[in-house]
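The structure appears below as structure tokens.
Chain IDs A, B and C follow the sequence of writing; residue 1 opens each chain.
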């Protein structure tokens, strides 16, 4: 899990994913010699801070968002959210501004519903602050901020070494409602004719989806993907005897939303391990679910 | 109204419209020999569960959504909504899961704002349940669940026999915010250069739009379509002496939303009969408004 | 400021921007002889009521929305909003219907949260009413309804005379959530390969962005544009010694939203003078901020 630990350290809040993209680019360039198929690497002009890996003749694309939630300095000592970050007094935040590195403490005024930072000096307006990572591993679990979605990224990197045909798309802005999947999807569809997608992301532990019971296959969240596609995926998971849980929710969203509302006939499905302590510094995921996630993605990229 | 009755029986909640598409495909294949123009039938790969009928040299497209609202089994006996379904204890729901056909009763806990089903056995997670249809017809009205939008579909099928130039697009997911009109619109625009659309759907009886007073032409809902296009439609309706009511609302939406926000310069207008008891098992529409709707569509497809 | 005064008089609520488009078209045709570069004028079929001016070899596009907020007659004497108009009893509203010109008074029933008009006769259903303009100018400020966004339009017209390479896009429907930027962006990107955008619009005076302190460069609103692009803009503003204020907000939106969520990799940034009394008949902007806005746009269109 050392690679996952490293991924959790990288500063990449929504809108500023460039460091994550550079890390992944370097990683792929170093590792791909050992992979079954060397992917075409697509990035740079026309792709903002995104990264595409195209293996063989793709039929299906894995979308994994690189960005994280966090906070941004507004005016004076005020903080506002980047995405849906949990806020509690005492959370340690890290960042950097024109005067150097920052490690400060979050303060929440519940009555006023306002957030501020406690630090020895004023921080530049617009500075991004993210949770200070504290990576914890046991025999059964991993725990850290930003498992959502460094684990989704990590999952894609586990699939890559044996992937023969398929695309891995590392995108931006998922935590703030999207902004890159639209053009990635367009490029992929126009270039390769692909219309099948898997959303490699992390979901929530609920009364129906529990830690250690397998990877979640989502039948719906606030959106309902095409039923026949999700049922095909469930059948493949059953046949492969991979532990999975069917998720049925009326709220929430993912990169699937941009595929759903876009102007390409995507079949898409959210498949990911469930976590507890969502969007906090203490996100925790059961290893069994992580391994099931990787196994299912490997099978699906072959069979779909 | 036998065709309308049949349409109301078909299981096609948002995301699973395949049975409605198959019914329509069979119907068109059987009937088109008697039509003035035999349409090009477009469906299958690249169109998910949608269906397009292209007549002659089209200038205008009719969008009619095939999907319905309903409920989905979450965990245990919990139900969640598909779209904006009205929920009252006692409503009869039907569906099917791995153990067979289901006819069960909806129960609503108003205090907890939770919905569940009453049935002799547990129903599979993720099973879709829809209102049990009870089609009622009088000299003046028709009444059933899902007149929204089986009546919009039926309207398009009444226009088809004499349609010389135009497109009928049967789409999916309208009740859950859209998901197919984007790619249908793209295909239609790129293939035929069409940018005029009519939304064949059912609206609400309100203090300003009343049953039996004519088809509603919507000047706006939550969105405001291009005024010059709607005014052109109103003028055609006036000249043709077809009973109509101008609708002006600040809320609500339709397939027009996907056209409006997409990247094609669509002129669109919602035109439909008003119903009472919206999104319940007892949707009711006045026949005068239905006939006015069909007449107006026939004229508009010629004159626009 | 005579041109700005004229712009504020034009009836152009969202969905009915045709008069503003015609005014601008006439203005450009009359003035362009004196401009450094004569732009290609793109409008008419396929562009609804929008207007594009293309100068030389464009690298960046300025989006300025032409539409305004207002009110629409619903049923009887009821009014509903067009966009987020402030409503207070006594506001003077103007419009026109089948019986002629209208000048009436807004009445707000706070308890019932309903709005109506007071006028000598009933007004046609669906009639648009806008604030009656009262243009006021001092040595330091301009004040009128609809500075948002006639000032953004005016700004673009100040940049035009010396613009050598770039696009000015006058769009529709911004106040009701968009509807034209999608297809304008597509046309611009496909025709000229441009992916850099500036949103010429008016923002809010807040505790962090004050009147007279310079043009606001927005680091974010409800959306977060790509950070590297905004930082490039801030650097250019610093080097050019133009007074500016960095805005950091968690709410609000602009034409940038359509660029952000579309399927083209746009870099976009909102840059505009701040106003007080937002969306009321008394919008007020400091002239220093207006001049800084024009200066910054001139520099950016050269340097970006």
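Throughout what follows, a contact is a pair of C-beta atoms (placed from the backbone, for glycine too) under 8 Å apart; a residue touches a chain by one contact, two chains touch by 3 or more.
The structure presented is a predicted model; accordingly, all values stated were derived computationally and were not measured.
Undergrad: If you check the contacts of subunit A and subunit B, which chains show up for both?
TA: Touches both subunit A and subunit B: C.
Undergrad: Quick one: superpose subunit B on subunit C by CA and send over the rotation angle as a multiple of 5°.
TA: 120
Undergrad: Give, as an integer number of Å, the spacing between the C-alpha centres of subunit C and subunit A.
TA: Those two chain centres are 36 Å apart.
Undergrad: Where in subunit C do residues touch two or more of the other chains?
TA: 262-263
Undergrad: For a test of understanding, state which residues of subunit C touch subunit B in their complex under the given definition.
TA: Subunit C residues touching subunit B: 14-16, 18, 46-49, 72-76, 80-82, 125-126, 128, 173, 176-180, 182-183, 185-186, 258, 262-263.
Undergrad: For a test of understanding, state which residues of subunit B touch subunit C in their complex under the given definition.
TA: Contact set of subunit B toward subunit C: 195, 206-208, 219-220, 223-228, 246, 248-250, 260-265, 267.
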